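Below, each structure is written out as structure tokens.
Next come two complexes built around subunit A: one with subunit B, the other with subunit C.
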Partner chain A sequence: MKTSLRFIIFLAAILFALAPITMDGQTRGGAKPWTPPKTPWGDPDIQGLWPGQDMVGTPLERDRSLGTRAFLTDEEFSKRVAFAEEQQEIDTADLVSRNPRIARGGRFVTCEEDPNGCRNGVRIGPPNYWDERGKPTKQASLIMDPPDGRLPPLTPEAQKLQADRAAARKARPCATQPGGCHDSWEDESLWDRCITRGLVGSVLPNGYNTGNQIVQSPGYVVFRNEMIHEARVIPVDGRAHPNASIRTWMGSSRGHWEGSTLVVETTNFLPGIPVANTPTSDGLRVVERFTPVDPDTLTYQLTVEDPKTWTKPWTVSFPLKRSKDYAVYEYACHEGNYYMYNALSGARSEEKKK
Partner chain B sequence: MKSTRIVACSFAVLLLSATAAWAHHAFAAEFDLNQPVKLQGKVQKMEWINPHAWIHVDVVGSDGKLVTWMVEGGSPNILLRRGFTKESLLPGTEVTVEGYRAKNGELRANGSNITFKDGKRLFLGGSNPDDPENRGKK
Partner chain C sequence: MRYIGYLLVILITVVPSVAQQAQTYRAPRLNGHPDLNGIWQAMNTANWDLLDHPAQPGPVWQTGAIGAVPAGQSVVEGGEIPYKPEALKKKQENFAKRMTEDPEAKCYMPGIPRATYMPYPFQIVQSQRDMLFVYEYATANRLVNMGPPQKAGSDTWMGMSNGRWEGETLVIDVTGLNGLAWFDRAGDWASDRLHVVERYTRTGPDHLQYEATVEDPNVFTRPWKISMTLYRKVEKNAQILEFKCVPFAEELLYGQFKKK
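Up next is the complex of A and B:
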């Protein structure tokens, strides 16, 4: 009896030690595994503000030249740091540059090098203060699996759909308009329409509104994203997903705890929600893992499975750092969405000029 | 004309692929690259609305008439994180806006460059030279 108990404790210790081995390939070797405190009802307590803004500068897909290397060498990292420093210098310059430097493909070019980017020395586009930049990280890409850090190939079915969509777009008379087709609100993306970025788009670090918050209550975890103010109320009480005919842009999420890791499975998406700029199918399934690795870090992992769209699943993984003072601001996106009016009325004006 | 269109169109595609991080708008859908504007005037008010703030600027036209232009700004959430407040751009402040006019021909523009009288950049040059409260502040 005593021996078998010891054996169980031994096994548990091994499992415990393995738990913090995460997708980012950092085993935190030697460091003691960290167990978060419990909520009064006994669940691991991972509540707090977990903005993704540090990761804004880390690309979704890895540069092909890096192959299966998930982390940059010191030399490669120093280039990323230099790029960020130059961006910072441009962003915070007191005076307007008559020949602005513009980031293109990982480097900066001037108006002379990119005449389409400027007119008379004035940059085409908004000023730099519109964007948040993140921090340079050694992580080569957000995608950590497949091992090359790139999206897997589309299925032949999805490739055909993509080609058909492109051909249909090209065949429309508006396709030759500068700025593309804006015949109706349906030509605008769900994001432009202030509806949603979808589950994946809401959590992947982007140019702004990267705030995330976790709130727990007995039987539920709420994961709130600042972008388009999404708040997923995730039951963690073992209940099943609703009937497959009930579908939403954010899908149906069900969670459970594996040790201190919150695992959330989301299904029942409306077909068409874009993930990594690709419309997905009714077979989309997303599995997220929130693993606390120290008091101020969650390893966030998100696996996308859509056998009708990608030939294999792919996984994004990155650390979310706890913030004590990040404010998740209101984002009443419909309130001032003049873009919809400007784009649609702009296209009507273009038509009249013909 | 056709070739201009094709160039502009391919540019728009480039723009879309290269700058997905721009809030969420397709610039070339909203503004006309062939209508650059330079406006000088006084701030009437600033709307702190999502997804983009809009600055209303009173401008005296070449005919002597006063008109009000709306200039698109970044998300209020970004502005707040950068430390700007409702007091950062007060009515009456003189500004110069260089940008592109809305395609619909209305008095709306994007503000690629927005500067104070002394040439410093709005939001970054930071000091509003017309406002003694802000003088010298970053």
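Up next is the complex of A and C:
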């Protein structure tokens, strides 16, 4: 009885791990499950460059109109392709002359439509061609669970915290200034401060410098992110997390192998790190699954649990494609953070004008 | 008389090799090469000053003996860095401004070789192919290319590392350094023509011999060399913890622009 139950759970786990592929409609029908090679010390070998840029165009949350449909129809997909082609045209034109149109949320808007993105009719922020656009995919959203592909509701506690924070922000004198508050570096995001994008933000396909690299050694897997130059050393030798009083921006990661799948649990986060634009609590726990499905594809799955923030866990899943020639550059962000000097000194000089 | 001559020749040829053999430790192998995996740390005061230095007060009197400089012996062979005269002047200027200008104070990446002897551990992650160095300080890290040597795409803080094995020794040729990093808190420096050749050799189960040859025709009159022992952190729970120091440096860097 016990054995059969365990077998069913095992089967369910396999089905769950394979779900994103089968749902893609690209099942390798009848093909044998792929077993990756082993490292000399006997672990599954998932080393290599796994940049996330292909998935940049796939939104985190699903369009409500799609409901529980995780994948686009051919017709919807062809719209995504057409949009990508238009985007390519605009990005190319942008190289020649700064085009005031802005790419936002799956369409292009003008300065009149989005005045916050422009000053004096000229777009602020990086030019369109700066960003990675990804390859159009049929996957409707990165979030695959809950089934509607959207973030679950916030807990009442988190809603109140959000409302209090918003009220406090609004009450500040600088809130009415064009450009918002730049009283101190603490008014800037963790990313603008070049501290981190956090564990989740470092791996979600976004913007630029989306390189990921896995290097393994006996007892360890290192997940290296180009963005902000993170190198998360993940022991896979069964050791315990450090004491909960040792909290960090990237958390404490511990991994183990389930067949060829690397399962990583991360805890001990500092409170307040934004995930999907929501500050998380000290109860944040992230579980990642790296499943090799063919020599050049890892299915990456990440589950966010924070019972103080979201009413239930949520999971993103997407393929990471192996690259043989992706160049990981040194992301020396803090060392050249002119933004910080300019934002703060600019705000001080604006104050003097008054 | 002739015998003495023979004896001398034999002694000259045999003795050094015997002495060398006595020192030679054969490291455990990973894929046929010495296994350098582990968490390592220097146990010296080179980050304060590569050269001989007596104990002295630290840069801030307010912290008393906390932050004072422990005495230390030179890690530079010959005890001297062969600066050109004008370059030595810049070192002295650097030292005078060290409280605000030392890249370590600003939480900037440490560069090579300084990353090796910062007072933080680092982990060598050696697989059958790649070699990744993960430094605790500032989450700096660098991949060592063990394939055909590559040219640096652009100058960076940590440079372009091309590695190769010479018997028991991992040799890393580092170029593409941007010349903004310092060697220590004493203001020792180099330009963007800096070229570092590092040698890592295991001399025991828990010891790693580190040597770095430094050349920079803009700054030094000849190449020079540092050497030191690195020690394995042998605690069962040893691990690289996170030292993201940007938040510790923001007041120093941006305090003047904060709203009063």
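Everything that follows uses one rule, which is that the second predicted complex is superposed on the first by the 296 of 354 C-alpha atoms of A that agree within 3 Å, B and C clash if a C-alpha of one lies under 4 Å from a C-alpha of the other, contacts with A are read in each partner's own complex, and residues count from 1 in each chain.
Note that contacts are C-beta pairs under 8 Å (C-beta built on N, C-alpha and C of every residue); 3 or more make two chains touch, one makes a residue touch a chain.
Note that this is a predicted model, so its numbers are computed, not measured.
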item: Which of subunit B and subunit C A:82 touches, first, second, both or neither; value: neither
item: Touching partner for A:215 - first (subunit B), second (subunit C), both, neither; value: second
item: Broader residue contact with subunit A after superposition on the shared chain, subunit B or subunit C; value: B
item: Touching partner for A:244 - first (subunit B), second (subunit C), both, neither; value: neither
item: Partner chain in contact with A:348 - subunit B first, subunit C second, else both or neither; value: both
item: Touched partner set for A:233, first subunit B, second subunit C, both or neither; value: second
item: Touched partner set for A:166, first subunit B, second subunit C, both or neither; value: neither
item: Which superposed partner A:120 touches (first subunit B, second subunit C, both, neither); value: first
item: Touching partner for A:189 - first (subunit B), second (subunit C), both, neither; value: first
item: Residues of subunit A at both interfaces, subunit B in one complex, subunit C in the other; value: 194, 327, 329-330, 332, 335, 345, 347-348
item: Contact footprint of subunit A on subunit B as seen in their complex; value: 5-9, 11-16, 18-33, 36, 47, 49-54, 70, 72-82, 98-100, 102-106, 108, 110-115, 119-121, 123-126
item: In the complex, subunit A residues that touch subunit B; value: 56, 91-96, 104-105, 116, 119-120, 122-132, 175-180, 182, 189, 191-192, 194, 206-209, 226, 277, 327, 329-333, 335-339, 342-343, 345-350
item: Interfacial residue positions of subunit C with respect to subunit A in the complex; value: 30-31, 37, 103, 106-109, 123-130, 132, 134, 139-141, 143, 153-154, 156-158, 180, 237, 239-242, 244, 246-247, 250, 253-254, 257-259
item: Touch list for subunit A against partner subunit C, complex; value: 39-41, 47, 174, 183-185, 193-196, 213, 215-218, 220, 222, 224, 228-231, 233, 235, 239, 242, 246, 248-250, 327-330, 332, 334-335, 340-341, 344-345, 347-348, 351
